[in-house]
Amino acid sequence: MLNSRHLIDLDHYTLEQIDDILTLAKMIMNKPQYYTDSCHGKVMATLFYEPSTRTQMSFQTAMLRLGGSVIGFDNPVNSSVSKGETLKDTVRVVSNYADIITIRNPYEGAAKAASMYSRVPVINAGDGGHLHPTQTLTDIFTLKETKGTLEHLTVGLCGDLKYGRTVHSLIKTLCRYPGNRFVLISTKELALPQYLKDIIVETGHQFQEIDHLTDAMPLLDVLYMTRIQQERFTSKAAYEQQKGIYVLDAPKLARAKYGLKILHPLPRVDEISQEIDDDPRAEYFNQTEYGMYARMALILHMLDGSTKQLDTIPEGDDKHYCCNPKCITQTEKYLPPAFYCHKDILVCEYCEHAVDRE
Amino acid sequence: MLNSRHLIDLDHYTLEQIDDILTLAKMIMNKPQYYTDSCHGKVMATLFYEPSTRTQMSFQTAMLRLGGSVIGFDNPVNSSVSKGETLKDTVRVVSNYADIITIRNPYEGAAKAASMYSRVPVINAGDGGHLHPTQTLTDIFTLKETKGTLEHLTVGLCGDLKYGRTVHSLIKTLCRYPGNRFVLISTKELALPQYLKDIIVETGHQFQEIDHLTDAMPLLDVLYMTRIQQERFTSKAAYEQQKGIYVLDAPKLARAKYGLKILHPLPRVDEISQEIDDDPRAEYFNQTEYGMYARMALILHMLDGSTKQLDTIPEGDDKHYCCNPKCITQTEKYLPPAFYCHKDILVCEYCEHAVDRE
Amino acid sequence: MLNSRHLIDLDHYTLEQIDDILTLAKMIMNKPQYYTDSCHGKVMATLFYEPSTRTQMSFQTAMLRLGGSVIGFDNPVNSSVSKGETLKDTVRVVSNYADIITIRNPYEGAAKAASMYSRVPVINAGDGGHLHPTQTLTDIFTLKETKGTLEHLTVGLCGDLKYGRTVHSLIKTLCRYPGNRFVLISTKELALPQYLKDIIVETGHQFQEIDHLTDAMPLLDVLYMTRIQQERFTSKAAYEQQKGIYVLDAPKLARAKYGLKILHPLPRVDEISQEIDDDPRAEYFNQTEYGMYARMALILHMLDGSTKQLDTIPEGDDKHYCCNPKCITQTEKYLPPAFYCHKDILVCEYCEHAVDRE
């Protein structure tokens, strides 16, 4: 199942591959002028089935700064999809035009599905609430450059830990490095799912849960802030009452270590007060620049030695089916059902939701 | 009237010009790296007054793979058109910015109209139901490369033969080569128009009409599939009853010659069953790659020796007017009326609809 | 306050800087091939918070013809703005990706606000009804090339002189050169604001007001036409009655000097009759090409020696506030209020509206 020709899930890459990419990203950052023409003559397609200007601009800039060029769309109504075309057909065709494809799609598993029909490498730029691996690559490159290491860090994660896919991916990745501790800062309703707590423990790491950001501040080497959407609270009253607890402002920051680094996947709304934007511990704007270099390195890594080819489509597992309504298999009916076993539970290979065995 | 500075209608090009383009396309396909910088410093504008992501991406890729760059729009509401600007003004201005213009517009004759006010070569990327010459160029390049010839072929055309502009153009172009036979596969309601049957006969070619795709299969060297839109049937019941007859699936394909080549202008919906996508006779995905090379060759051909100039606008024919409601002369009132005689019938030079003589 | 790292208002540039840009523009126009790779490896971001295809294409072409590349958006609904992101955050991030930013925004003062948070040079491509300095640069480059001078010209300005920001900017800029005379041609309702008449007089220039374009024609070296929007008239009857007075047609043009040059910022609707488009005095289409070269020169000028840096944000003036509902400070609340004194009147530094002193 693991196919490092594409980047669907950062977990599919070995630590050695990840380290290679981070090392290359640093080399590019130090001497960008050496890489100005590295992708001369190459074309990237950005297939954005839902708009995400920020992410799309980051990928476009990365490709353009390597001397490549970019085609694509940012709006499903303008695409052939609106004429009823399948994801498969779109990808088959676009992979004839482009040398590498970046795809964002609201359905979970869409990037994996796309990779099955692409003659060129596919990068997952977000498949619904499932994965967003280049954000995680951005996050760990920022950590590595600002903290000097990915090991033995005390990492606070604040906000929506239940639904936040960037939080989940970051925890899973940091659990592959030794000695990290996690401080989980959220309401009970938005606590980290149990399966991720299990991963932390099983990989020999520790976590603690704290209600208030204020209490957590002195402990942290890293603070990863995320937006809490108002809709996530049980009531508007609960939102109004609690939201300040999870807003990072100057008084809370005053309790932090000198070497703290603050990250945020952006866009932020008001969970970080603007008064700390120019504090040297605020790395969330710089993070976007690290992300650009990380994506440049990723593109170079994936194009290196890449040849146009179609993967073999495996036989489908006709005995089971995925009932996650947001799974790409719900809308693209030709996709062969595929599952893997995790702790006696059958999991859909596309969206990674558990399947009830029949 | 024929002006090969622009590509409005493939019929305006001599067979020699077409062959030059196909030969160049093959050379590019064999050694794309030789052409990486052929259009270095050149700019293409893609003026898409109606969205067509597929076509636009094909042109963009072609220009980018030649080392040129691309500007343009894909959405009329974002264009100056929404401020009431004429096509003439838009083209006059954009031809100051760009070295070549690709235009798609829902009105018939729009590309010809645009070419009259452009200082640079104009490519018709679809003018309503009228013409789409680069699709035809794509089709014949695919045929030449996969069948080795454009002569003495038995070509099946299946689906909507009445309204399908790609079918009409392909027939007209193949009638310029000797010895081709046409097998027309459609419902009576969607049969090929009489004037095209006349062209086939007058140019010394043959055709036969067949109701069922199954019956036609064994005869064919080439099968050109098209989408039948449900709205084209007289009733939903008629659609449900008949649609399977025109769906290409494995059982029908089993009756075909070994050397059959299947083409489709895409996007397809369900007129070709996905089960045959990986059959070596299925060329419809490869066809898009042939199309990219054909467009690269076309762009090089048109830019070769091109200088910025405005054509002289001919005097209008004030004695007649075109009553086709989809003709570009209906909305762009400054266009000089122009007609030519075909078999004693006066035909509008823009949309090529017949005019009742006064 | 003046910061020529950015281009917010052409008045912030010295005449020497403007002349340098016009001289460079002419050099590029004469030998564009020398500049094909001048911005190789550089990226421009075009942040268009309201669509303006024409202006965006002009900037894109300028950057592409210098060998640079372009990212950006043309539609606010597709941008992160729709997720509630501030202008500040967007600019902070995009200035990590790009080497230069072009911004268009419906709020007055938005470009200045953007420049405060950008690490790279910012070009104002239109901030509501306030300023559009590259249009003025286009206008004066056209004048200099077609009239040979920016001095001692009699310049007619016709149409909406009350609201037309391009008219206001052009007058202010031409008042920096000696000996120009202005002929103001409009209805009483759309007359030039008094403060601009004051500027004309105070800088030692002259103006006269004329009701009818016909009467003004023989006087003019230059005629700058603008669109009068129907909504500007007091009634539809007034519009219908008066509009012909301000339409330039062949009979009016017959009264003009041989050396007249006609400019228009485009798009035009019907204020210039199409019958004069090919008259050698019509420069409004050529003007767009001059604009492209002027923008190329501007980009080169701004990138020359540019380094990534954040400007220091000044302390806000908490004692006053701007009440212009279209001022960017109304929506971006973190902006420090800032004012300057002009003739004993306090003026907002963002939108330049007068503030009532408290």
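Just so it is clear, A, B and C label the chains in written order, and each chain counts residues from 1 on its own.
Following the convention adopted for this analysis, contacts are C-beta pairs under 8 Å (C-beta built on N, C-alpha and C of every residue); 3 or more make two chains touch, one makes a residue touch a chain.
As the structure is a computational prediction, the values presented were derived from the model and not from experiment.
Counting every residue number used by either copy at the chain A-chain C contact, under half are found in both chains. Rotating chain A by 120 degrees superposes its CA atoms on those of chain B, with the angle stated to the nearest 5. Centroid to centroid, with C-alpha atoms defining each point, chain A and chain C lie 42 Å apart.
Looking at chain A, residues 69 sit in touch with two or more other chains.
Remark: chain B residues 40-41, 43, 45, 69, 71-73, 77-80, 83-86, 88-89, 92-94, 96-98, 334 touch chain C in the complex.
Touching chain C in their complex are the following residues of chain A: 33, 36, 51, 53-54, 57-58, 60-61, 64-65, 67, 69, 74-75, 266-269, 274, 277, 285-286, 288-289, 292.
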